[in-house]
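Single-structure report; data block below.
For clarity, chains are labelled A, B, C, D, E and F in written order, and residue numbers in each chain start from 1.
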């Protein structure tokens, strides 16, 4: 199935962002065609200088480095005034395709399922 | 102690509104001077025509009827454009004092503790 | 592919506009759970196809008079909508 | 009585204005946890006394350059603030 | 007759997800369709904890799921990694972690995400309750 | 030397409340003050569940609270009505409900809201972590 997983939660408020990544990897491992979309507060997953170790937290974003290994099809990011993160240093691990509302409309239409924790 | 308990959660999304009422009653029972403030989505607690029974849910708002019995000092509501509920039929159980931002500022200043679940 | 959008919480004007802007004209937005609270907000304008889920309005004491959206009357109608539409999208 | 307001989540402009409007001039607002994400939002204007909690900015990779608010450097400074102010109010 | 896979990700205590999902599934059967599985993920896994003891006049969602699942014979899956992290432990993990008891029992099953990946392949419709 | 009462209402799994509260309390002691109690209410009661088994490289907040509480000798209270509703059961309720086991043990104590009402009387400062 062509599945879109949407991440709109902050990477550090609880487990939703991590759970979304885990879900994506599992679906991909079972031969679904998985794309990831970062939006809203989820965009903060894309910042370079997270320091989870500074707070004794797990660096589960290491996994994002290897999304292609896990056969995640595409990674998208939805622009957002509230978090203008492309003015900041972004992670080298992922190069998302930035999309506007029109592009996102297409994206939602072209996937068979959408999950949004 | 002079305590203000703020309810800003919808009465039907989980337990926060109920937990706030329980906290207020317990504090009052232990001789604290407790006031309640409804704001934001919490204002929906004040609507008349809830039908929790229609969904098999507990009508914990019955308790609101008896706030004076439980020696809750005062009940306030903070006006809010997003939920213009005073245009609707409001519960007969409570007559909150409606307050503006200025009045709320005073309120917060005059209480020794504020809890906001 | 036409999609059924499910909204289960209060939205600001900005959030709602964002959601409407990513819906196509064939899509439908259904307000469920605390999503029906949005019907109280006179500042929101629903410029795509939107409906409200009656059981959640009744539960919350939100009268039908506060809005002019079409109604989905019960869970069976909701199930039927899921079948009419290619997929359901729980948005937030 | 002067109060220390704690904000631990992202706010819209409207929400922030509401919060600022109920603060007195002696009060202080401290952005903690995901509250520091608000520093990225150029549309917000902080017209009362506001500070940002550094450890939560470092954790999230939010550089000090995105804003001009004074910093609270560590948990001990936060504890001291709680003592300086009459009470702490966790707002949302 | 169509089959549904139902993902529940909202907390049983701080969302309406379980309330809606239970009623939705009842309606699925009323309309002559079936449910492939209910899969609990994220905070929703809490509902598999059989120690849940709400006040007498409140809904017990743990019991409500059990009843509906037994009535219509569809499986209740909770994701193992999330469940364990949140203190919901099935028999296998109980042995693995050398705990003396388990709080997730049949008809709830503690399974990997693969069960969900398979279920959505085998069903006509998918819906998520946040 | 001042004493703090600390209310934690945020989920250990979906908020940063426990992360912040633990570090805040460490700093309270570093500054020469004390903690009267940490009181868990709302979703925060989950942390009293001793079945919590996160992955090896993740923080176990149940253990973190236990360690900090034993180190500084302050009590960990979880509200009984909320805890029971969410499947966190102490010894007394376990007997009351005729369950064969309990998942909330010392230093966590399952108590009524009265413990919080008293604690705020006896302390100089109060702080809440949502």
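In this text, a contact is a pair of C-beta atoms (placed from the backbone, for glycine too) under 8 Å apart; a residue touches a chain by one contact, two chains touch by 3 or more.
Note that this is a predicted model, so its numbers are computed, not measured.
**Student:** So if I look at the partners of chain A and the partners of chain D, which chains show up in both lists?
**Tutor:** Both chain A and chain D are touched by C, F, going by the contact rule given at the top.
**Student:** What's the fewest number of moves from chain A to chain B, given that each move must go to a chain touching the current one?
**Tutor:** Graph distance in the chain contact network comes out at 2.
**Student:** Which chains contact both chain B and chain C?
**Tutor:** Touches both chain B and chain C: D, E.
**Student:** If you count the C-beta pairs in contact for each pair of chains, which pair comes out on top?
**Tutor:** Per chain pair, the contact count peaks at E-F.
**Student:** Based on the averaged CA atom positions, which chain is farthest from chain B?
**Tutor:** Farthest from chain B by mean C-alpha position: A.
**Student:** From the centre of chain E, which other chain's Cα mean sits the farthest off?
**Tutor:** In terms of C-alpha centroids, the chain at the greatest distance from chain E is D.
**Student:** At the place where copies chain E and chain F touch, is the share of residue numbers found on both sides over half (same) or under half (different)?
**Tutor:** same
**Student:** Roughly how far is chain E from chain F, going centre to centre by Cα mean, in whole Å?
**Tutor:** Each chain's C-alpha centroid was found; their separation is 27 Å.
**Student:** Where the centres are mean C-alpha positions, what is the separation of chain A from chain E, in Å?
**Tutor:** About 26 Å, centre to centre.
**Student:** If you average the CA atoms of chain B and of chain E, how many Å lie between those two points?
**Tutor:** Roughly 33 Å separates the two chain centres.
**Student:** Indicate the residues of chain D shared as contacts by at least two other chains.
**Tutor:** Within chain D, residues 12, 33-34, 55, 87, 90, 92 contact more than one other chain.
**Student:** Residues of chain E that contact two or more other chains, please.
**Tutor:** As it turns out, chain E has residues touching two or more other chains at 11, 13-16, 19, 42, 55, 58, 81, 85, 126, 128, 130.
**Student:** Where in chain B do residues touch two or more of the other chains?
**Tutor:** As it turns out, chain B has residues touching two or more other chains at 12-13, 15-16, 55, 57, 113, 116.
**Student:** Dump the list of chain pairs that touch, please.
**Tutor:** Touch list across chains, by label: A-C, A-D, A-E, A-F, B-C, B-D, B-E, B-F, C-D, C-E, D-F, E-F.
**Student:** Chain A touches which residues of chain F in the complex?
**Tutor:** By the definition above, chain F touches chain A via 11, 13-16, 19, 55, 57-59.
**Student:** Touching residues of chain B toward chain E in the complex: what are they?
**Tutor:** 12-16, 55-58
**Student:** Could you please specify the touching residues of chain D with respect to chain C in the complex?
**Tutor:** 12, 14
**Student:** Which residues, counting only chain D, touch chain F once they are in their complex?
**Tutor:** It comes out as residues 8, 32-34, 55-56, 74-76, 78-80, 82-83, 87-88, 90, 92.
**Student:** Please give the residue numbers of chain D that touch chain A in the complex, ascending.
**Tutor:** The touching residues are 9-10, 12, 33-34, 37, 40-43, 55, 58-63, 66.
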